[in-house]
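Note that the chains take the letters A, B and C in the order they are written out, and that residue 1 is the start of every chain.
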């Protein structure tokens, strides 16, 4: 029979091996589901890989999805490190997009591009940060649980966006449809590669990863949030100002989510509308966790998730499998990854049952 | 760990072999007959949503049936926003020559891709932008809407009709207005109440909107959204409903009075034919019942003959071009005369309509500057 | 009495890098209290966790009532009549006693037969004088009462063999006495008990037989009546142990800490300190004796700035530090060994270096322009490890993997290295083995001799008497009396601790 035994510590080898095996088993389980649609799973996976990584163009589309995931998850890591459960990247993303759009829509088309883009990015960061500071303040002054406050603020953000789109920011030329005026060229983030949609946001993401990595590993702030995250009472005992750190961490976390929202508009969508894909705010939570809250790993996990999404559409196109299959594969992989976490905590041994 | 290691190695080996096998460039040479026209469809919902996307998918199947040289593909559940542009682009890269994008939110992405692929024909449904190689198409659904309004107006006993509506965009406002004009024509006391779900496809929300109406005394639920959930709620309450997109009788047989339906296949066949013949040009297609693109589905058994006769009479007038639901006099919600007797709302105004006619209970969120 | 109920043969258990149990032979007789004695890390808990099915031995056999068994899980242990009471209780705070007992009970269906169970719990409670109301919520109970709920749980599941893992580590002396009474009653009713401890006094008080473990091996099994405390200590540590420490004559200097009519409230809003006044001078250890919960914890929190004083003053070297931030108090020269090292003093999941710099990370030389110089920090940590003789196998491993004694040494080293003017030490040796306890106490005396003012708060009266120069006895938030060590008399202090005031003269 199988025995579960608690592990005291986890070796580095296991830390690497377990997620890899988990992903593999997830693909096997997803493959079984694919078999039910009378399709060869290998062909499906081939299409997935092809759709995500096979050419400059497909990889560029993978990166387009990865950009917001990188920015958001990197920010989330800062908050999660101090045990502040920011579920509100969704809303911070939207508010960042709105703040940035304000300048895109109100500044003259003659304004120099670098200037306008700088203003927009700062506004995006500011918007997300302010939205992130609300739950921080609620927590710091009234002990309001941040999971609930951040989650509810997501809905408020969405309704603010809807209000603007149905109201003051609706483009009169859009026949009443909820769209803003398109962004002029000077409000569009430059593309990094011609004929692709990969934009400057990728560079923002990489810079954010490096800064956050150094911030956590090397600075006083990083040390303090780690202490707070691991043991709040010890932090208080050590004289660490918890309130101040919550504010800083949420400003960073929200700011990066806001920048992600702005970058998505300015780099990809080029107008404000209701559907601006804030759901990345939730996906990024998973990315951050799978990366064990390490921003550098998170960057790669984000690319894999980007590939899963980008390649997922390819599956539908190449092979007539139902859309649900993509979701099934993703869920199966996730399921096994979470299962793998158990393996990290317990050692499993096989034993003949003699009793 | 000692027990696990061989297992790990084996698993990783299998994984690697799998990946390499997957990557191996063994393009099977599936040469198609030269004439094949590859046509792609992008849906916003699942293709079997029982409504909007399914109606388009039936159009796609109809097209495949009609023109043997056409090969079709589709992608379902594509979010509006960033991802759809990629999907459209992928089809272009795969050699598709005609691409139908079937949701309003796909408009600008379609336009973006159209710029980069001048050889591909793009057709966008329900929008207003066009270009050299991108046309748009829609149908005068307000005609069946008006007819359905007649049916509902005569069938209601509580004079309370609930309309489950997605977004407060002109397309939907127009539907509600036409429906209400019909209902009011035969029943001056009727009220058409509106709830916005702010989503094309959200069965749970649609059902709960319907239940709200029913709890407030509605005895007919009209749906303007993409799933049959609202009608199923009506059936459960023993009330009636008016379907949308396709004949929804099969989802709620006891409730459906009739449905306003799309026949996209006719248009799809027309476009494919034109592209094949080299006669296609980008245009703005907006035809009505006379072209067959929109229609009223067969009545349910509960609709009395005299009601059917009245409605059929009106339908014939519309088909003959003798009647238009948006003929004056039309009063708006505040009682102001908007369209004088003998006048008619122009196509341009119909396309951008942002006010409710008298008889509608509900508001349109404030218009933009 | 002589029937063997549990027997282990050659139990061996490896953990990565450690041989935790090395061919352990152990016998428990029916109806006896058998103590497993050993220092932290000697392998006591590992052995018991094997009996309880949490760990599985790499080698060796277990016999219950002569039958060979394989215990795969705590549930298996239960069916073999073994019940373990862990040091950290497995109770759900927000549920009632009854609901906690019902949890995981196999005979229970979907619904809990409340009245029936409540009756049974009351019966057990009466039989062994537990005095537990089945409908109390766990959080309302004292630690001692919670422990009794754990015992009820195991009895309810039909345990004949009870294993108690360091049960007194969390108890006050009074609660310990109550527990011992219960244990004796249980044995009288035919249960057999394995008692894990490293406190020699209580071992001598409660045990019938004692098995001593050292470094994973059995040193020997002895009858209580055949041994002395010193003998046991030697078996356990492997060398002679001192039960009294050498103290240099008192060289009291200026007053460092003055506490004047201090008042504060506890978490429940009850006044926990009532006009407390005392002083601590440089070069002396001022001990606060008292039973747990009489305001000691609140007092230490108020002085260190972790809790607000509602009136009164705390003065450090003529500077008023009342209600100043903890950080300011620390930087003005007050350091603090909190009562609970893993919950307050250390960050269990961070490594030794990160724990060591908790006091010094925000200033030169470790901090440079907002960046922490981890190389310097590591050097600093290593110097403390060497100086205080702390056993740290891997400096970058989580500090929770250190033994309790080494954790406490690290904590002490960190606080002393700050060169404070006043050191507040609360229960500095609670839960530590003999060797570590001795070490910590010696260090405190050494710092006193160097001129440090030490405020020692402890519930261990022996410790207070061994270390203090003056003793203040606290009862219900008041200092009953301050006694010089020369005049200190165990009995008198005990009475003061119980609130009896009229013993003067």
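Following the convention adopted for this analysis, a contact is a pair of C-beta atoms (placed from the backbone, for glycine too) under 8 Å apart; a residue touches a chain by one contact, two chains touch by 3 or more.
The structure displayed is predicted, hence computed values, not measured ones.
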item	value
Leader among chain pairs (count of C-beta contacts)	A-B
Central chain of the complex, centres being mean CA coordinates	A
Intercentroid distance (Cα basis), chain B paired with chain A, Å	32
Gap in Å, rounded to a whole number, between the CA centres of chain C and chain B	71
Whole-Å gap between the CA centroids of chain A and chain C	44
Overlap residues in chain A, where contacts from two or more other chains coincide	11, 349
For the chain C and chain A complex, residues of the former touching the latter	15-16, 54-56, 69-70, 72, 76, 304, 306, 325-327, 330-331, 336, 338, 343-350, 354, 357-359, 361-362, 367, 370-372, 374, 397-398, 401
Of chain A, residues touching chain C in the complex	1, 3, 5-6, 8-9, 11, 218-223, 226-227, 230-231, 233-234, 236-239, 241, 349, 351, 353-355
Contacting residues of chain A [partner chain B, same complex]	11, 13-14, 17, 20-21, 24, 27, 42, 45-46, 49-51, 54, 57, 61, 64-65, 162-163, 166-172, 174-179, 182, 195, 197, 264, 268-271, 273-277, 309-310, 313-314, 316-317, 320, 322-323, 349-350
Complex contacts: residues of chain B adjacent to chain A	1, 3, 8, 11-12, 14-15, 18-19, 21-23, 40, 46, 73-83, 85-87, 89-91, 93-94, 104-105, 108, 116, 127-128, 167-170, 173, 198, 351-354, 365-369
